[in-house]
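Just so it is clear, A, B, C and D label the chains in written order, and each chain counts residues from 1 on its own.
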Amino acid sequence: MKNSIGTSVILTLAGESHGSMLCAILDGLAPGIPVDEQFIASRLALRRPKGPADTARREKDAFSIVSGVFEGRTTGAPITILIPNEDVRSADYERTHALARPSHADYAAHIKYGGCEDWRGGGHFSGRVTAGIVAAGAIAAAALEAKGISIGTHILECAGVKDTPFNPTDTSEQVRSLQGMDFPVLSPVREAMEERILAAKGELDSVGGIVQTAVCGLPAGVGEPWFSSVEGVLANALFSIGGIKGVEFGSGFALASMKGSQANDAYSVSGGKVLTKTNHSGGVNGGISNGMPLIFSAVVKPTPSIARPQDSVDMNTGEAAQLTITGRHDPAIVRRVCIVVSSLVAIVLCDLLALRFGTDYLK
Amino acid sequence: MKNSIGTSVILTLAGESHGSMLCAILDGLAPGIPVDEQFIASRLALRRPKGPADTARREKDAFSIVSGVFEGRTTGAPITILIPNEDVRSADYERTHALARPSHADYAAHIKYGGCEDWRGGGHFSGRVTAGIVAAGAIAAAALEAKGISIGTHILECAGVKDTPFNPTDTSEQVRSLQGMDFPVLSPVREAMEERILAAKGELDSVGGIVQTAVCGLPAGVGEPWFSSVEGVLANALFSIGGIKGVEFGSGFALASMKGSQANDAYSVSGGKVLTKTNHSGGVNGGISNGMPLIFSAVVKPTPSIARPQDSVDMNTGEAAQLTITGRHDPAIVRRVCIVVSSLVAIVLCDLLALRFGTDYLK
Amino acid sequence: MKNSIGTSVILTLAGESHGSMLCAILDGLAPGIPVDEQFIASRLALRRPKGPADTARREKDAFSIVSGVFEGRTTGAPITILIPNEDVRSADYERTHALARPSHADYAAHIKYGGCEDWRGGGHFSGRVTAGIVAAGAIAAAALEAKGISIGTHILECAGVKDTPFNPTDTSEQVRSLQGMDFPVLSPVREAMEERILAAKGELDSVGGIVQTAVCGLPAGVGEPWFSSVEGVLANALFSIGGIKGVEFGSGFALASMKGSQANDAYSVSGGKVLTKTNHSGGVNGGISNGMPLIFSAVVKPTPSIARPQDSVDMNTGEAAQLTITGRHDPAIVRRVCIVVSSLVAIVLCDLLALRFGTDYLK
Amino acid sequence: MKNSIGTSVILTLAGESHGSMLCAILDGLAPGIPVDEQFIASRLALRRPKGPADTARREKDAFSIVSGVFEGRTTGAPITILIPNEDVRSADYERTHALARPSHADYAAHIKYGGCEDWRGGGHFSGRVTAGIVAAGAIAAAALEAKGISIGTHILECAGVKDTPFNPTDTSEQVRSLQGMDFPVLSPVREAMEERILAAKGELDSVGGIVQTAVCGLPAGVGEPWFSSVEGVLANALFSIGGIKGVEFGSGFALASMKGSQANDAYSVSGGKVLTKTNHSGGVNGGISNGMPLIFSAVVKPTPSIARPQDSVDMNTGEAAQLTITGRHDPAIVRRVCIVVSSLVAIVLCDLLALRFGTDYLK
């Protein structure tokens, strides 16, 4: 599939940065799930650029749901969400659109689409398209919450400043604390992070970071051993989010320098419940959820749009060229990525749960 | 899909560690591709345990191809490869199979399959199943080679010993040097790594590591922007390989502490060819290959089977229990994972290429 | 997949009969295909109710394309088409929506969606949703025409009146004659058919019929032997069109009483081209196109909405009830089904061709 | 997908008529389902050629299950079934394999696979491959029976002789009567049918027919409105069975000449259960099962292998040629198709049920 993800619960994304609107279709969600437009709006607000540390583009995200919801609840039919684009300034792109922006999709897209791609604002590759993920994900996240499954994402690291990681074996309070937070961190590092982001912006530069997600309440026994592992399905989803270049579960890359005796999660039984004492596995063994918190991190590269002159190529002539990107850009997207990740994860988990327990599971 | 991966070129895996045989079906490969059984055997040999640093289980991997190949070439019909299991010792598992092995799939599988799973040797979760990936991948890899696309994987790190990483912008010689290498490294670190592995074994412990893969010759323009990105599709595949808990492309997690001005891959034009001067992106932008070497790493956790006593749970009674794993196990699987990764990547790339350029592309 | 069809070229349908609008997303079409909004409008006009033989609902079908098209051509990104609903009269349904309409989806939907379904005008089950198929199919059909592949559908039978069938071995002129025809027949049977339709309407009844489709110019070698046969993929698509209850290829059900010596299509060679002298196979052997015209028929049941009293069930109480359907309905939909079939077939063929020859085939 | 069908329960078929063996993998079936090898053997026996009315090829179908079954029950892992080919006589094909057999897949396959296809006995296109469907389907059918869902297929028509059709609203006894029947008919027409088959054989000719299937006990609410309708999914499956060229549900093509007042299935309530008084819809409305018996028919063309001289084409030279097919062939396959249809339907229904109610539904 292209621009679609899922088997039983399926998200399809369409739209371009500077087109008239974005479209997200969320199909296969159980019927009867309450749809709270205010909650959706509040999640979109978390993704929206806000202060000097974000792009100057200002979108109202005045979405409308035009199908699949009736009398305030899902019907079981596909849910179509439209999000108009309003604050569009294509002129920024007109002069230079033949010049491939380094570490953007421009050149790869040019080869793939033969020059027919919509280059205005990055077109279908734009982070703007993630607004559809957030809107659709809000419905999914609310449905999961109603079943006791909570998702939270925070900025684990940004521009060298580190937040406290999730407590691997007990995340529920931390996850709760992140709900509705527009600069989601678990310790008082916001100021330091914002300072560094603005410093980079001042240097016409940008910064990256790491986001970390925890899911609590996910039942054990979800996922498949080969090729639909919880890790694989989530990673496939996450790598679609612009700028994500690495995904790790549990202790992730740190496992490379651990011994088995350190890395293994010993079992304990508490109140009849099977737990593990540590959670280096991130809640997944053999591709299948084990009932412990699902924990993973994703690295977000620094925004490639920087205002310094860069070596480029003119895609029309094939010749080397110098490019200075103008336009409005985020010096860091890591804050805004958090809600996108949580939203996309909500949709993927709805899919895994529906496959495992049937389409009415979230009803 | 379950136990299957791909859209146009599809791999399906079946079989258990101690069943009579493994089965891999590779479907959708172009007709007319030469199938060299000796080459397949040589690739299986790379995966096979060998010395004291590997498990003592010895399998001949005497595979047979029972469909899809006629007069030495692929027919276009599904290729079925059977690999008998021979050196099976289920007795090792009989006494303790109700005790969940820490950081193994046992407990998650028990919840998912309700106790019906084949527990002998890890059943369908066993690394033994990857023999099918290697056999099928050998056919795919040879087809890619014939089109100038080469894949190589080396041990970037094992038990704290580090190998030279790939040169990000020019990997072809390094990739070539790895072909047929049974301990694939780019610098003389084999001895140091093996020493540490044996030391861990001596301590009844195990070690992990990182494997790094490069693909050279992949054309630009392959992959999709959303949900079938080159990164996402490969990551989904890789996370199925037992023990892999993280995947990163290009500079991966190191991008978190870089600035945009450092991380961006500036373009250059050389002999009419568009290149990038660096390759922090790992050959993919916006989910689509950009013509530079595709480079990614995966972390492999330490083998969870260690001979020390561990806290477990009796899955029949739900009570805490002590487990000492006996049986034959690898103190490190990182060496053997290399050929599995290269093989799986070959299959996934055949799929992406067939989707992009048609089913006859590799003919 | 649900509400989506295709592997490389994918159509997704959303929207309800009385919702604010319909949405169709066509993804995976090659970039660079000209999109002619007037041609789309002309195809939508063919589907639109017109005279007394159709429903009295009048829709302008004032569609808008909000993504995937740039400067008049496809970009390769998903194409979103929105079609507002305007002439909506939900009051017709309000009083009786708990009463299952015989041979409609109401009861089956009620069980599936637990009463959450949008019952206004049949909701997502309505024939109104096929407007999205026609709009998207117009783009696909034009792309196929540009490659010499033409599709035509006519009313082979309606209310007992029979049209001339396609000449099985040479359909190109007949197919051409059908383009743009709003009552598509190959012989002068329109008047007789319309008479019978109006007669049925006068009796508060409805009639059905058979539509027959021919595709000329489809290259040989498309389709798969098992589970993605040309017949199977097309039939799966066709059975989604409301009222279609049977699909046959070539001589279809008439083959039951033929002998092999009559049914076999003997080969002939003409001008270096391999042809068959007859075409009882309908252009497909072993699931794969053979280069002859692709010919198939589908039966359309009489419209289930009739104005006579019928035995129903009250889905809220579970008790028997009498229902007299009011509202605006087609006494026959067979005319309007023709363009829907041609449009859906165009999309499915684009998918099969892209899978076989790559995503740029229709460029 | 190619050679695979299903979303949650998936069948994959591999193997050729004259290869060493066939392979069927059935994945996704719930764990804990009893697997009775004798029952599988008895179903394979129903498919096996027997008397003079069938081909002279005699296969023992000595299958073995090499994965996915442990201690007599499914494990939830993929089930691999191998069926050796024994009575192979490729010499029959050697002399003439460049000559396309009329109405066989030879020519279409030649174009698709470029001459690399295995031509011995029809290769992967052979009806022999359906043995894998029957073996896998036996496990699925037994699982369905345990949930009260029964499937039966009979020869509705063969060579002009007609059997009694299913009673549309009450099929359970008729379905039961067909279990284990090797010439499945509902009335005493066996002799007449066999006579006509043998007469055709005597004339070096072949005959076709119609098979009709009923499923009783299928719950309402299964299937999707668009593109995964019960009709569409089943038709896609059925069209893969060699020789099937038409599929109709309920009254099928007869609906073309009915009025709405005749074709509509009025509701009745009996013992709190919602039923319909007639079943012209064949148990499906809007693509979703309605709780009535699922009834459909498929036409089977006369076997294309007949011993008379036929006009062919030499695929190597492109020139016209005369072909007289030798070898062993069925003068009619309609009897043997019955169990294949029932088996394939069982697998497809397991998939639809697992998607709707979760993977443990059949446990």
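In this text, a contact is a pair of C-beta atoms (placed from the backbone, for glycine too) under 8 Å apart; a residue touches a chain by one contact, two chains touch by 3 or more.
Given the structure is predicted, the values throughout are model-derived calculations rather than measurements.
J.: Tell me which has more C-beta contacts between its two chains, A-D or A-C.
T.: A-C
J.: Relative to subunit B, which chain's C-alpha centre is the most remote?
T.: Result for the farthest chain: C.
J.: So what's the Cα centroid distance for subunit A and subunit C, whole Å?
T.: 38
J.: With centres defined as the mean C-alpha position, give me the subunit A-subunit B separation in Å.
T.: Centre separation, subunit A to subunit B: 26 Å.
J.: If you average the Cα atoms of subunit A and of subunit D to get two centres, how far apart are those centres in Å?
T.: For subunit A versus subunit D, the centre distance works out to 45 Å.
J.: Of all the residues in subunit D, which ones touch at least 2 other chains?
T.: Residues 1-4, 7-8, 13, 77, 112, 124, 225, 360 of subunit D touch two or more partner chains.
J.: Please name which positions on subunit D make contact with subunit C in the complex.
T.: Residue positions touching the partner: 1-5, 7, 13, 100, 102-109, 111-112, 124-125, 129, 157-160, 200, 203, 205-210, 220-229, 231-233, 235-240, 242, 244-253, 255-269, 272, 274, 276-277, 280-282, 284-291, 299-306, 308, 310-313, 318-320.
J.: Residues of subunit D touching subunit B in their complex?
T.: 1-4, 7-8, 10, 12-16, 19-23, 25, 27-28, 31-32, 64, 66-68, 70, 73-80, 82, 112-114, 116-118, 123-124, 360, 363
J.: Spell out the part of subunit C that touches subunit B in their complex, as residue ranges.
T.: Residues in contact with subunit B: 7-8, 77, 225, 355-361.
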